[in-house]
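Sharing a structure, written as structure tokens. Questions coming.
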Amino acid sequence: MNTLAAVTQLLEIVFAILAAPVFVGWVNQCRAWLQNRRAPSLLQPYRGIHKLFHKEAVIAENASGLFRAAPYVVFATMVAAAAIIPSMGTRLPLTTAADSIALVGLLATARVFLALAAMDVGTAFGTLGARREMMLGFLAEPALLMVIFVAAMISQTTSLPMIAEHLSGEEMALYPSLAFTAVAFTLVLLAENARIPIDNPATHLELTMIHEAMLLEYSARHLALMEWGAALKLFNYACIGLTLFVPFGVATEAQGPVGLLLAVPVLGIKLLVAGAALAVLETVSAKLRVFRAPEFLATAFLFAVLGLLVHLLLGA
Amino acid sequence: MAGTPLDLQILNTLAAILLLLSFSMLAQRRIVTMVNLLATQGAILCLATVLLAWRTGENHLYLSAALTLALKVILLPWLLHRLIRRLDVYWDTETMINAPSTMLIGLLVVIFAFGLAQPISALASTATRSTIGIAIAVILLSFLTMITRRKAMSQVVGFLSMENGLFFGAMSTTYGMPMVVELGVALDVLVAMLVLGVFFFQIREQFDSLDLHHLESLREDE
Amino acid sequence: MLTPASSPLAACLALLAAWGVVGLAGLVRPRSVEFAGRTLFPLGALCGLGLAVVAVRSIALPPEQIELLVGLPDLPFHMRLDPLAAVFLALLGAASAGISLFSAGYFRKGEGALPGLLCLEYHLFLASMGLVILADDAYAFMVAWETMALSSYFLVTTQHRIPDIRRAGFLYLLIAHLGAIGILLSFGVMQGGSWQFTFDAMRAAQLDPQWASVAFLLAFFGFGAKAGLVPLHVWLPEAHPAAPSPVSALMSGVMLKTAIYGVLRVTFDLLGQPQWWWGLVALGVGLFSAFYGVVFAAVQTDMKRLLAWSSIENVGIIFAAIGITVVFHGLGMSALASLSLIAALYHCVNHAFMKSLLFLGTGAVLHATGERNLGRLGGLIHRMPWVAWLTLVGALAIAGLPPLNGFVSEWLLLQAFLFADTVPRPFINMLLPIGAALVALCAALAGYVMVKFFGVIFLGQPREPNLAQAHDAGPFERAGLVWLALACVVLGILPVQVIGEFDQVSRALLATELGQDAAQWWLLAPTPARGASYGPLAFLLAGGILTGLTVLGVRAVYHQRVRRGPAWDCGFVRLDARMQDTAEGFGQPIRHIFQPFFGMSRELPTPFDAAPSYRVTVTDRIWAAGYERVGRSVRRVADLVARLQQGRISTYLLYSFVTLIVLLWIVL
Amino acid sequence: MEFLLLLGAPLLGAVLLAVAGADRRAPGLNVGLSLLTFLAACALTARVISQGNLLVAREQFFIDPFNVFLVTLTAFVGLTTSIFSRPYMMIEAQHGRLGPGRLRLYHSMYQLFMFTMLLALTTNNLGLMWVAMEAATLSTVLLVTLYRTPASLEAGWKYFILCGVGIAQALFGTMLVYFAAERILGGEGVTALLWTHLDVVKGELEPTVMSLAFVFLLVGYGTKVGLAPLHNWLPDAHAEGPTPISAVLSGLLLNVAIYAVVRCKVLVEGSLQSPLPSQMLMGFGLTSVVLAAFFLWRQRDIKRLFAYSSIEHMGIITFAFGMGGPVANFAALLHMTVHSLTKSAIFFAVGHATQKAGSQLIENIRGLITLSPTVGWGLMLGSLAILGLPPFGVFASEFLILTTAMREQPWATPILLLALGVAFAAIFGKVQPMVFGETTARRLPHPPALLPVFVHLALVLMLGLYVPPYLADWYREAALLIGGP
């Protein structure tokens, strides 16, 4: 484990933890501008988290140990997921332990623990949110897996760094199959991160909220961890999208430390553009009824399968 | 018929009479006359056996003729008449199929029996080989009588006439069975008659009529 | 006779005989629960452990055969221990050890049958499963197979006073018998003219393709009936819940695996060179069963039926894995064939432990609350912490979440599916990846089912007042649960060693092996060329460290005061247990999305009802379409035949007269 | 000497019991006599094993491996049935269904019935075999109508007429055989009807006559075996009589009838050289199995249910004998043994079950296992054994028959298996609620003697797992003797 790999790994983790709330703040800022409102400052999420850390935690009487452990598990899994996504460099020692399918598994673990914690207090909203989150989960997971399958088939491996190297290594080859999977991936991203067409992140309206319903009973530091975890999840999804579909600028083995230094600003710019695109997407689309979500995610699955077929036919 | 010696001619006529008797039994309605026909059939059979014994010198045939006379002509008909008087069952009116069609079927059965007997009589070494066909015919006709009857008594008469047909068959193919078997068969028939007597009383006691449609409760298609 | 130490087969047979003896010992004092519970079941667990140890040690040894005295005069029982049998024996031994330990504390007074009788049937069931795995000729196999069915039938009908349990028992034995007839026919076809029924003769017999396919399809029907593949699955959700929980665990966990062992033995060992299209049949039926099973599991309101349906799903996934193994093996892609075979074996072993753990969990809950309906449970985590947390391990494992064993077999299976695009056949290379998506969907739905199962039973508020007195499981029961949970964790963390053992089986059946050359002991990299690797131990360490750091980080910064108050619930004050989501409610999205799968009948309240009530009953369409129709047609034929017996003596005489004439006519 | 004891004991017993049949000690005497017969049968078997075939009383009686095992089986089941009938009859008498007179008739007829069966089995003379069969029919008619109920009268009447007519055909068949044999062996004395002589000379017998004779014999004795189109009397007769009689009828008399059919088939097969007889047997066997399987579905009376099951098993045995060849004959002989053992065990359990529930209708008998586990378990294990579930012997013989059928007649195997499946569903579906569930039965005045049930089932279980070598050789010798294609 030479030093460069250790540095890249550490840098990835720290950058992800710090940049996630900023990324969410940036998306909220873009949305505010698009809806011609005065945007909250970029560091607002940090202030929120700081405030929550210093509040007194109120826990329901019949909440069990699971309720208190869940925030730490969710946050840790999200950080682990960030560690194995080659957003900056491909020399990540941890990725030998977990490939892309393990990444999907990690996301599933986070989702299950979140849902279980939501059901623990036994309120109507918690269980309702858990039920809807699991429904979205089991519809999104096959689509996400097909997206990763297509990328894996193109680069003949399931380990994310090798996929990134393969895709970034090629000269600017256009992959039509990747285009379809990109569309599928964006739909999955919107569904998984409780963005507008499926669920409104800002709302507390009992009937429509899915993600917020699960965090209803949390307060103070647990709520902070859950919020930070959700931010990290959005950041991770963005990084996966960038690695698969916008691979250039990732520091590979050959470029050494210089490449790594260069990769950080490139990643920053890519994230800014992605955040803006996400904001545009959200302001353009309206919220769907909960039971329209299956069609939404079925189209995502369809696009992924189309991408696969295109890959098998055209070989690219 | 003309060329054969006299006794054979008599035997053949006796066989023909036997066939006629079983035919008439098939068409008969009154049970009393049926029993009388059975008795005459027994008598004819005994006569034929005596004639055959005289012709072939098989002395055990005399014994079986005496047995037939005692059993089939005297004892059983007397027993049946006594039962008929005690249970006053005289008529077996309605039958399954009307008379003309039974006769027609009987005819067919006789033709089939004669066809059947062709190979056997061709091989038989006995003088009376031509009568084997008639013996088979008597057996099948009595089978038919049992099928078309409604009364228990007439079924029994059919059963006994079938025994007569069997004896006549044995007599015409191989001059009767070995003695020990003949005795066994006779004993069986006698015991069968005793059992039937007991039956009639019980059926009468249970159903106060000998009609067979009481005996149809054990079924599965309802 | 070789001394048991040197010959593992003799040792295995001795241990199976020991099980028999332990069972018979139950009859010595049939009424006393302590004797059967405290002494015999732990003894049975020891035998199981011994069997597992002997089997694991003998996986690498060459196959070994013995002829017993018992059996038909010219076909005595042949026994054989080869890697495939050793793996399944190890599975049987290890899983039954945990289950027997649990049932030592589980069986109490008033459990239906006498404890002694229960102990006899239980150990006879174990011994017959062992014999099925060791049998090496058709007669021994059939005798062991149906003794297994018979002893499990008596176990299912312990509480025979309840009519549903009797109906479930009858349905179970009937379909098991029909399956056995299918298997007997396939053995008949397989001996191919040599007319000996030992498996060696069948291995030697060269069947031409058509007869081999007939044999395979018959065996597939027979073993599928016992494994619960969809058209023949109707008995499983009835019979497994009817049995006492340890027996349900044994049936779901281990008995279904004997059916899978049967398919593996027939397809790869007895039929020699399987044809690739057989794999498609297995794959298709397997995937449909998996999907059908998990969709129905999501809408169940009885916790044991939910687990039974989930067994159908897992068996379906295992058959899908066997299907692609046959496809790869048939097309000569040996590396992939061994990968998917190992995935199938791994999932078999995983499912045995996971499902037994869950069934034993429900057993403990059933004993504590006396309630099986999910609608009357809830909030048990507070009163039954041991059972709750151990069942959580099982639930996470079966949902296929990373550090545990369910994820490893799912990972291997997806890797195998991933390379399916290199299959030379035109359409197949497109369909197989979509098969992979279906497997992923089933795994995700399994997650949904497990969240519902665990959440409704253990979390939230208790829905019935009497749940307050629920007591935690006894020492024996905890030991059984801990043993199985430990197995799940170990299988999840050390896949490389386990796959090393399964390699022997792949070498024995497919003559190819995975070869673990490059990987260190902690990293699973089945196909080094493809660079895909999964190191569960490192994965767990990294996760643990990160969680630890988070806790420390938070502790350094946070405000330490904690206050317990009533649940916030958006400000609603009167919060009672009925406001929680019920089991039907949790299943509502599935009912809505997969509408065509279910036969649903709803009772909607009319506006004038004094006490309006809403009830929805979900039924299995296959039962109405298939089984009732078969029942009706047999009844119709029976009525037709009954007309022969109208009771009139003259018709009977007519029959005999006509038979005589017809026969004479033929002879003329 | 043993032979005289074998036949003497039951005959003497019949006379003795006719006199002293009514008093308390009569059942004990009945058991003693059956025990004596069984010991004689064992001694006879030992002698046949050591010295081979045995000709007694100027060749009138002939003992060979084929009929000696049937003799022992008959004597054994006769013994166990008499042990079972002791408490059964006492309970029946207590329930007021039988007076002392009828008990006397029962015991004497029972011994007479045993005598006629043993006579039919051991005699060498085909005519005498016919007489013995007719005598057996007569004695059982009286036994079937023991209860004097309308149903038993009807059953007795049908049994008597149908079997009487059937046996008459057999007499004509025997006459034809005698006629064909007389042309070869000469007419003097009785040798023309002695099976041993016929067996020697069967090659030269006239084929056409022999085939006609076989048809008559098959229809005749086939009625006694209860083969498909001629079976109508069997369910009524076996269901209406007292249970020990049903057990003996189903267990033993059907075996004796099949023994007679096989004796004739051996002769005819020798002379005919064409597969016609075996095809006929197979045809009858298959129709019996299929029809009986579907008849089982609608039964409401437990004894009729098991009577139809006897028809089904007789169909399987006839089919096996029809296939011929050493393995099939071996399996058929094994099947005859295990069938009679299991079926009699079932009837013992059913007997006590009906007495406990007070009716023979299936819906009135519920939850046996709760009130009296021995009767419940006996019935459950017995029906599982008769349905051919492996650990028991019936599966062993069915396994051999099905595997031979797969080789000889592949088309017949699916039909057989379908029928076995339907029969399983029907019988088990009806027996399960009888054994399990809430109980409606009542206590019995006398403790039921259920030792015979479990002795039989233990024997059948043993035969399923391990056929002792000397028994196996016995069957092989008999199978070779029967021969066939």
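Details
By letter and in written order, the chains are A, B, C and D; residue numbering begins at 1 in each of them.
Quick note on the criterion: a contact is a pair of C-beta atoms (placed from the backbone, for glycine too) under 8 Å apart; a residue touches a chain by one contact, two chains touch by 3 or more.
All figures in this text were calculated on a predicted structure; none of them were measured in a lab.
The busiest chain interface, judged by C-beta pairs in contact, is A-C.
Set against the C-alpha centre of subunit D, every other chain centre is closer than that of A. Here the CA centre of subunit B is 31 Å from the CA centre of subunit D. For the pair subunit C and subunit D, the distance between mean C-alpha positions equals 44 Å.
Subunit A and subunit D have CA centres that are 79 Å apart. As a whole-number value, the distance joining the C-alpha centres of subunit B and subunit C reads 71 Å. Contact of a single residue of subunit C with at least two other chains is seen at positions 639, 642, 645, 649, 653, 660, 664.
Residue positions of subunit D touching 2 or more other chains: 157-158, 161, 165, 212, 235, 295, 298. Shared contact sites, meaning residues of subunit A that touch two or more other chains, are absent. Chains touching one another, given as pairs, are A-C, B-C, B-D, C-D. Contact residues of subunit C toward subunit D in the complex are 69-73, 138-139, 142-143, 145-147, 149-150, 157, 160-161, 163, 166, 169-170, 173-174, 177-178, 181, 184-185, 188-189, 191, 195, 197, 634-635, 637-642, 644-645, 649, 652-653, 655-656, 658-660, 663-664, 666-667.
By the touch criterion given at the top, residues 378-379, 381-382, 388, 392, 396, 399-402, 407, 410-411, 414-415, 418, 421, 429-430, 433-434, 436-438, 440-441, 443-445, 447-448, 450-452, 454-456, 459-461, 523, 530-536, 538-539, 542-543, 546-547, 550-551, 554, 557-559, 561-570, 575, 577, 579-581, 585-586, 588-590, 592-593 of subunit C touch subunit A in their complex. Interface residues of subunit D facing subunit C in the complex, by the touch rule stated above, are 157-158, 161-162, 165-166, 169, 211-212, 214-216, 218-219, 223, 229-230, 232-233, 235, 276, 280, 291, 294-295, 297-298, 367, 369-370, 384, 387, 389-391, 395-396, 399-400, 402-403, 406-407, 413-414, 417, 420-422, 424-425, 428-429, 432-433, 436-438, 464-467, 469, 472.
Chain contact summary for the complex, subunit C toward subunit B: residues 639, 642-643, 645-650, 653-654, 657, 660-661, 664, 668.
Across the interface of their complex, subunit B is touched by residues 125, 127-128, 130-131, 134-135, 138, 141-142, 145, 148, 150-151, 153-158, 160-161, 164-165, 168, 171-172, 174-176, 178-179, 182-183, 187, 189-190, 192-193, 206, 208-209, 212, 235-236, 239-240, 295, 298-299 of subunit D.
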